[in-house]
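The following blocks contain the structures, represented as structure tokens.
In the two complexes that follow, subunit A is the common piece, with subunit B as its partner first and subunit C second.
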Partner chain A sequence: MSVFFGILVDGVSYGMILFMISVGLTITMGLMRVINLAHGSFALIGGATAHWLTSEMGVGYYAAVPLAVLATMMVAMVLEKVFYRKIYQFTELQQVLATIGITFLCIATVNYLLGSTILPIKIPEVFTESISLGFRSMPVHRLVVIVMGLVVVVALFLLLERTNFGIQLRAAVDNRTMADALGIDTVRIFALSFSLGAGLAAFGGILGAELLPVEAYYPLRYMVLFLVVVAVGGMGSIAGSFLAAIGLGIIDTAARYIVPEYGTIFFFVVMMLVLALRPRGLLGRI
Partner chain B sequence: MEADIIRHKPAKRLGGIFSRRILLDICLISAAIAFFFIFPNNLGFMTRVLVMIIMVLSLDLVLGYAGVATLGHAALFGSGAYAAGIFAVYISANPLLGLVVGALAGAIIAFFSGLILMRATGLTLLMLSIAVAQVLFELVNSERDLTGGSDGLLGIDMDPVLGLYAFDFYGKTGYWYALAVLVVVFILLRVFVASPFGLVARGIHASPERMRAIGTPVYWRLITIYTLAGGIAGIGGAVSAQVTELVSLESLGFNLSAEAMIMLILGGIGRLYGAIFGTVIFMTVHHFAASVDPFNWLFVIGILVLLVVYVVPEGVLGLPEKLRKHLGMAK
Partner chain C sequence: MKKLFAALSAASAIGLASAGPALADHTVKVGIIAPFSGPFAIWGKQFQEAIEVYVAQNGESAGGHRIEFVYKDSGGPNPSGTKALAQELVISDGVDYLGGFVFTPNALAVAPLIDEAQIPTVIFNAATSIIVEKSDYFVRTSFSLWQVSVPMAEWAYAQGIRTAAISVTDYGPGNDAEIAFKTAFEALGGTVVDTIKMPLATTDFAPFMQRIKDQSPDAVFGFLPAGPPSFAYIKAYNENGLREAGIEFLGTGEMDETTLEAIGDAAIGITTAYHYSGAHPSEMNQAFTDKIDEMFPGSVTNLASVGAYDGAHILYQMIGAVGSERTEAVDVVRGLAWESPRGPVSIDPVTRHITQNVYIRRVARDENGRLVNEEFDVIEAVPDLGLVEN
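Take a look at the complex of A and B:
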């Protein structure tokens, strides 16, 4: 029972992290039809900035997190203007290559500035304590991750379903040409959602630093992980990404608890099964 | 695209395949022989380049000719390497038999994974191909007793090639051996590419729908091509296992697949020479950038990759043609 509970807590919080990092990727992939292998770089930039702010600039954790997220969003804005505008028109293969190139540059930059060691982010002491839930206790950090994940889900839902921006974004995902014809500024929508996705990735990267340690090779090491979530969930489907992230998080954690010698094999087997049966992912339409 | 296909008519006679570029072939082989004497201290590195060329040629068959974008080619290379390595340790240390085993292993893995992969396209295909390589990676990692796990497969001790040429410490035999295998593979691929079946591959690349419409069983043709490529990648893996007498987990890793793809696109996809030049350029840059500054060579590679995509999307081998067009227009 305690194993089951442990798997559930760790799996769900791992899934929340995966969701936060990947949801931006699913939006950009669904919206721009771009295979963006550089998405993990935004989690790295966020995590590295947070590390730099907390351990070298003496900024407190609660201030450092929003600052790092904002910084990442600005970097993403610039990258979008400089590189991605052109990448949208590339063929699939060129997209893969161009975004791998961007990933390499990001890794090299972080490596040059902060070195290749793990970049720990000092978390407030409250996070390291345990909290009692009456019948079981769990680390506060896991609870924070799960709660923040849910907050992100709800906020995204409200943003997409209840705001003008959300309506325009959904229209652009469904049919870009039609949205253009109706006077929606899809270029602006692209840029905004790209940077929003990057910000979420940064947030997930910082919160998930306990599970996925931040270091220069982060984008390459976990690239496949984030892409798998998107592919299994279905490109452009936020609900699909959520299902896929939580499901894969639980499966991977369970496999690590029960059959640690087989590593991530179950993760990939499940993914292959899903994609063999549903090539467009769980909830994908395109 | 269509003009491109017509340009590559299947050759009527076998001789016609080789007459066109014979000068370039002679130059390349002479260069490979000359390098042996010019850089006697870099034989290990140069042998690795030759092995990678085999791997990238195999990827070119899938990606360049049939137009199937995969990111898991290491699965085929690594299967060949491990099969040849295990065969050498436990059954027979005969190098040529090992090559056959490596080729079979690569082909078998390619055939069975191809049954799933060739149904998918785009991102799904990329993800599935990555997953195949990752599953093999984890399997090999967990079966320590047989494969050595993360320590790599050790204890390979090859017999002399044809019973005559023993593998030496300096890698002299290894270099000639890898070169000989590469030349044979290259000739086979030249024949394949010029054959009607090679034309089918190009046709599928240009328009799968039209090929289907004229009665080509596209799915099964793709599986045949992928299996063939698997055999070639398996041979590459086998050579690498035999020459270095070591198989490491990296031979199944994602990085190898990604780097092979970069090398191919750097040289120019859909050209066999592209695979050769791309691999030589990438690995040389990597070798020197990494020896100058082991931590920041990614800068160099990253900029190289972006330059290729933004400036010469056809690859380095597309440059002369591009220049010619440019100059022609200027006049």
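Take a look at the complex of A and C:
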């Protein structure tokens, strides 16, 4: 029984990290329909900035996290204006090529500025402590990720479903011409949504750094993880990504505990089964 | 007049003959193949810095031959690309010697080529035992997983550790480490309670840690590539309470100097068996690390640095003795013994692999507050046990 709960706890926390680093992609790729393979680059920019702030500039963690997320959003705004406005109009293959190119640019830049070794983010002492759950203990930083993941789900749901911005965004992605005609400033809406996606990537990258360490090759190393979560969850569905991330996290953790020699194959078997039965993902919109 | 001319020319001929190699405008070229870009670029950087330090300390020539290093970027594991680079170096650049090689498949790929072209090749890293058997022109200055894993098992047993779990990354070197540790530990009477092969891409080690903890062995032997896997593994080891439960971690190269600071306090007290520590207490190593620090501020020395530094030493010995007449060059270094920054070493005359001390070290903070591998026990003059025992 304790094995079962152990797997459940580890699985949920791993799944929540998957969700945190993928949820931004649900917005840019899922909602905005741009095949954004550069998603991990924003997590990298956020993580590298947080590393620089905490390790080199002596900024405390709680100040460094929002600063790094804001910095990433600003970089994303600039990239959106310079590149992505054109990329939106591209065909799918062109989007793939353009965004993978941006990924390589980011990797090379971080490599040049900070080197190719791990860029640790100094976390507060309390994060590394373990807390007891009764039947087992768990590091605090995992608990923080779980809580923040839940906060992000709720906040995004409210933002997209209950605010004017959310309504305008949904209108703009469904029919941009019509939205324009109705006086919605779609250029601004797209820029804001894109930088929101990038900011979430940065936030997830920083929070997940204890488990998925930040280094120059981060965007390529974990690209498949982001894409699988969004594909299994269903394009554009925040709730779908959440379910997919938690489900995949638990399955992957259970497989590693029980049959480690089969590696991560179950992760991909589940992905194939889900996509075979529901090509649009668990909760995908048409 | 004729006599004088004859005498003069004879004298000059003798002069030329004796000083020939020095006077002749002859440069011996050495091709270094290593990753200088991509995720493994740190290897090329460490190699090049160590070679440049060796050159700064020992001059640009040996035995009157000027030595020039030509660096080529192999990227990651890439056998066909590496072979093409070696061919290019030999044919277009006219190199007489090769060095470098981080990955086993890359080193194996050049074996037929160096046999045919008779190019002595010094391996600075690639650590699978069999490589040196594939060509008589290979000399290796790194280590093998057998060489460090067997001493780890023996030391652990001597400390009273009787049961161990093994957790290795599921690829070539991981399998080598697993078999070496298991063989040595069981031969002594120890029990391996579980063997876990962890996927190469994994960085979430919590499930493995839980599985090991549930079996409560005396120790867990691990092998992981230095970088994100070793970083996340050691954190998971601490955070899942294995350290508290008294399950000692035993490893080899996980506490690599280039990632140690990133792991931080979580690394303190971790025990590993390895052939080089950046903090090895000797004048030779002090001079080496000081020079690295002077020429490349912010750089640290690790196994790659010492492999390349000793590799440069081997190359200097060969070139100093025979220059570009390289066909018999390897014989020059068979049995060669010298002091390296890692301690006393020699080249085994038969296997052409380095025989060296293996140190038992523990991570601690030095007087400057830097994390280092502090040596506290030593197993002397260990050969490549993979070649001896298989």
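We adopt the following convention: the second predicted complex is superposed on the first by the 274 of 286 C-alpha atoms of A that agree within 3 Å, B and C clash if a C-alpha of one lies under 4 Å from a C-alpha of the other, contacts with A are read in each partner's own complex, and residues count from 1 in each chain.
Note that in this section a contact is a pair of C-beta atoms (placed from the backbone, for glycine too) under 8 Å apart; a residue touches a chain by one contact, two chains touch by 3 or more.
These numbers were taken from a predicted model, which means no experiment stands behind them.
When both complexes are overlaid on chain A, the residue A:Asp10 reaches subunit C alone and has no touch with subunit B.
When the shared chain is aligned, no partner comes close enough to touch A:Leu160: not subunit B, not subunit C. Residue contacts after overlaying the shared chain place A:Ala98 against subunit B, while subunit C stays out of touching range. In the superposition on chain A, A:Ala171 makes contact with neither subunit B nor subunit C.
In the superposed model, A:Leu143 lies in contact with neither subunit B nor subunit C. In the superposition on chain A, contact of A:Ala191 is made with neither subunit B nor subunit C.
When the two complexes are overlaid on their common chain A, residue A:Glu261 makes contact with subunit B and with subunit C alike.
Look at A:Thr128: by the touch rule set out above, it reaches subunit C but stays clear of subunit B.
Contacts of A:Asn111 after superposition on the shared chain: both subunit B and subunit C are touched.
Residues common to the contacts of subunit A with subunit B and with subunit C across the two structures: 111, 116, 261, 263-264. In the complex of the two chains, the subunit A residues touching subunit C come out as 3, 6-7, 10, 13-14, 17, 111, 115-120, 128, 130, 136-139, 210-213, 215-217, 221, 252-254, 256-257, 260-261, 263-264.
The touching residues of subunit A, when paired with subunit B in their complex, are 29, 35, 83, 86, 90, 92-94, 96-98, 100-105, 107-109, 111-112, 116, 220, 223-224, 227-228, 230-231, 235, 261-265, 268-269, 271-272, 275-276, 279-281. The part of subunit C that touches subunit A in the complex is made up of residues 38-42, 170, 196-199, 201-204, 206-208, 210-211, 214, 227-228, 231-232, 235, 238-241, 258-259, 261-264, 266. Subunit B meets subunit A in the complex at residues 63, 69, 71, 116, 119-124, 126-128, 130-132, 134-135, 138-139, 141-142, 254-255, 258, 261-262, 265, 269, 295-296, 298-299, 301-306, 308-310, 313.
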